[in-house]
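Once you've had a glance at the structure underneath, I'll fire off some questions.
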Amino acid sequence: MDKQNEILLEVKNLKKYFPITRGVFRRVVGYVKAVDRVDLFIRQGETLGLVGESGCGKTTLGRSILRLIEPTDGEVWFKTGKGKKLDITKLEDREIKSLRREMRMIFQDPYASLNPRMTVMDIVGEPLIIHKVAQGKEIEDRVRTLLKIVGLNPRYMRRYPHEFSGGQRQRIGIARALALNPRLVIADEPVSALDVSVQAQVINLLENLQVQFNLTYLFIAHDLSVVYHISNRIAVMYVGKIMEVGQAEEVYQGPRHPYTEALMSAVPVIDPDVKPERILLQGDVPNPANSPSGCTFHPRCRYAKKICSQEEPPLEDIGDEHYVACHFADDFSLKGIRQF
Amino acid sequence: MILKNERSRKKNSFAEPVKGEAYIQLVWRKFKRSKTAIIGAILVIIMAILAIFAPFFSPYNPLKIDHRASFSPPQRIHFFDDKGKFHLRPFVYNLKLELDPQTWKRIYTEDTSKRFPIYFLVRGWEYKPFGIPCKLHLFGVAKGGSIHLFGMDNYGRDLWARIMLGGRVSLSIALLGAILSAFIGSMVGTISAYYGGITDMILQRIVEFLQSFPQLPLWMALSIAIPATWSSLYVFIAIMMLFGLLSWTPLAREVRGKVLSLREQEFVLSAKEAGASDARIIFKYLIPNCLSHIIVVLTITIPWLILAESTLSFLGLGLQPPMVSWGVLLQEAQNLQTMGRHLWIAIPGAFIVITVLGFNFLGDGLRDAADPYSRR
Amino acid sequence: MISYIIRRILYVIPLLLAVSIVCFVIIQLPPGDFLTAIESQLKSQAGLSEEESRKMVDEMRKTYGLDKSMPVQYLIWIKNIVTKGDFGYSFGYRKPAQEVIWERLKWTMIIALSAHLISTLVGLLIGIYSATHQYSLGDHLSTFLAFIGLSFPEFFTALVIMYLLVFRFRVPHVGGLSSPEYVLATWNWAKFVDFLQHFWIPVVISGVAGVARNMRVMRANLLDVFRSQYVITARAKGLKERIVLYKHAVVNALHPIIAYQGVALPYIVQGTMVTAIVLNLPTTGPAFYDALVFQDTLLAGSFLLMVTVVLVIGNLLSDLILAWIDPRIRYD
């Protein structure tokens, strides 16, 4: 993707802290720092893959961007179709509603994300009704087209979601997300609940749709192998923080952060020349309510030095828009993956 | 199953839905299997039909007074006449009033000199469904005869007709009260859980506050506050409101719990994500997904309110004559001696029991069926 | 746990305050008061002129503080209750309301507790029988009878039983707690027998619904427990069926019923109310009913308040019991 492409979404210093309360008066005794000072940007037309272990705050980040949950602090700049730049975190509810046409979400669990009491027609057509862009017969026609686009037979649009399989449900969810011709789609692990054989189909569908409708994706996954195919750039997240961001090939082939390297080593490789050496992470994922001092990763980092537990490394550009949050980003030569 | 279907799907064709059973079909299948539930449903339907078409089922005007017939007993339906001859068309005998020369007690005997066969779909007293005059009745006998299957009350009014009419009042007050209660309960429960925070706190305090009162004494105290000067209609509405406004708390709690768990579901988030208003989320997402709970609680509330209405009315605190309800009809049984001599005036009680039983059966069956995935 | 208890208790205080206000207001809702009736009585029966009777009644109003505004009356009432345990004056009985209530509360409690105890015991036993003989004839029969029992309005049960006793079994006297000839007699064997003959009637009537409810709850609980894993494990270990049944299953099935006892009391008290009114027993129910009908305001209000307070405390207790049994509840 061209660096010349304009930036569609820019996240600055975004935080989401969930308070932990205790006692008679529900005193706040601490915070779960699910998203902690995250900086990101996404260019028009590209796919940014966001990877990280389960519970590291990917979903929370995605939802905070869309203000499905209220972020604690930070800015989210979005360039609207009319070319205006808006800070989403400062918008009134009414203003957000019009923005929701431009940025949509695909949910993680296709079994939980469709209203069991609505027909496919109602589910896919609902955004059209909410935003008053179509009426009556128009809605039906539009739903029909959408279903065809995502590969579902429109004949079954009067049926309820439980009659469909997981992959089909996810297609319904995609059709719903596309209904308003969005520009940005945040796909929150759209395939991780699906059977492996279906995953590829859905990812292919998403890739085709991106070309067809000039979509921009924030593609969340906990598995590097899933995002590899579809992403232009990759962001690696660990306990609420971004560890590394860069061009996909660069991150895959030459990771500069020890955590990325560890994630990478867990990916099954089919290259006979490469001897698989799996880096087993020591210890548990830290509790986001009580994350370690200094570099969040230091208790599990096999390269950790004294400074790592004292000073937090900033997310710095080490050249060519490759950002890394490690004191020794320039010093190591870490193992990546040549090919899958 | 899902995996298999997904795999076996032919390439290059549109995805076909998996054959699955709708929730409603599952519920129905489970419901059908329960005999008591079916019996309950039948009882409820019968009572509802009798109440809706009360005048049609009543050969006599329930309000017509005939002092000479005060407390005349029920007439029996015969198939065999006094000579033992069988008649296919059932018939009744008129009653003859005699006074016991010693005790001056009134004694009714059957006048077997003339049979009065029962005819169906006959013309009788005029009533006005939706303002259209109508004289059609399900059954009746020829002129000169009478058919009072449940006897007469103190004022010589046909008890059968009064029970039909009373059923209409008793059932509708309970039904309307329960609907009001279901409406308030589901709204409060949904809003409480959906908005959370301070809204939830206030609503929950209100719920707890209402639940702090003992039901019966509270209802007694409130219903006696209804001014005696109010018209029957106002009293009816007042009692109905009382029922509705004071019986919604259990449902509110149940719906709140359900919505709390629904709120965490992704599909509710997906509504918000699509820009849906709170009203849309509440009415299209939350309430439809609680509907089975609401319906079950509704069917349990109705019999409970029937019992409440009859108790209050029996005690003279609820509906008042000239209004007719099952409880009001039973006021005549307050005096044990009257009831001892004219047992049929207790028949409205049997109607209460049967109706409540029907609803209890139905509610129980629905509650089991509403959760078709459980084993029981 | 301590923090939970404190929170719950702190919360009950404003609740009680609000509840007492509402009780007071509700009782004042009907137009007029007891003295309005006395006024017309004075006019018609004592032959006093309109002015004279009004004057007399106004004086009485002043003595009893009825001329003051409602909030003031409420404050006086609640102050006397809290500081002196004085619930105000009952015009109907011409003595302090609390005396009327205490007198009658004794019998209320005796009848109510007997009914509750018996219905709980009988209900549990039938429930255990039903669950252990699931789908047998006895199970079907008792389940069906339980449904019937729950479908009878209490007053109708009372009517039916009274009718049967008087007109079928020719029992000489039903209603009240003694036959007329023993009312003033001192306690002796004959009076005691007579008392028992009266006493069982309200106990049975108000116990019917309780038996049905307890039976159904116990049966359902027990069946649930039977299906649970540890009973299956216990059975598999080869313990004797009976030991499994009683030691594990019954104890666990009893939990919800024990927790329910906290709120049972007020239900017991109001449960016997209708029966008491129909049978005209010397208990609080009929007194409350009369007080309502004759606008004996403070007596009715005091009774309503008392039952409500008992209910609030009962709720509190059962919440605490439940929280104690199941710690998860505390943090909801």
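Going by the order they are written in, the chains are A, B and C; count residues from 1 in each one.
Rule of thumb we're sticking to: contacts are C-beta pairs under 8 Å (C-beta built on N, C-alpha and C of every residue); 3 or more make two chains touch, one makes a residue touch a chain.
Listed by chain with UniProt protein names: C = ABC transporter permease.
Please read these numbers as outputs of a predicted model, since none were measured by experiment.
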| item | value |
| --- | --- |
| Chain at maximum distance from chain C (ABC transporter permease), centres defined as averaged CA atoms | A |
| Chain nearest the global centroid, as defined over all protein CA atoms shown | B |
| Centre-of-Cα separation between chain C (ABC transporter permease) and chain B, whole angstrom | 27 |
| Where chain A and chain C (ABC transporter permease) are represented by their mean Cα positions, the distance between them in whole Å | 60 |
| Averaged-CA centre spacing for the pair chain B and chain A, given as whole angstrom | 55 |
| Contacting residues of chain B [partner chain A, same complex] | 2-3, 5-7, 14-20, 22-23, 265-267, 269-277, 280, 284-285, 288-289, 291 |
| Interface residues, chain C (ABC transporter permease) side, partner chain B - complex | 15, 18-19, 22, 26-27, 29-31, 147-148, 150-156, 159-160, 162-163, 166-167, 174-175, 223, 227, 266-267, 269-270, 273-274, 277, 288-289, 292-293, 300, 303-304, 307-308, 311-312, 315 |
| Parts of chain A lying in touch with chain B, wherever the complex brings them together | 63, 66, 68, 96-97, 100-101, 104-105, 107-109, 112-118, 126-127, 130-131, 148, 151-153, 156, 159-160, 162-168, 171, 173, 176, 195, 197-198 |
| Residues of chain B that touch chain C (ABC transporter permease) when the two form their complex | 36, 208-209, 211-218, 220-222, 224-225, 227, 303, 307, 310-311, 314-317, 330, 333, 336, 339-340, 343, 346, 349, 352-354, 356-357, 360-361, 364, 375-376 |
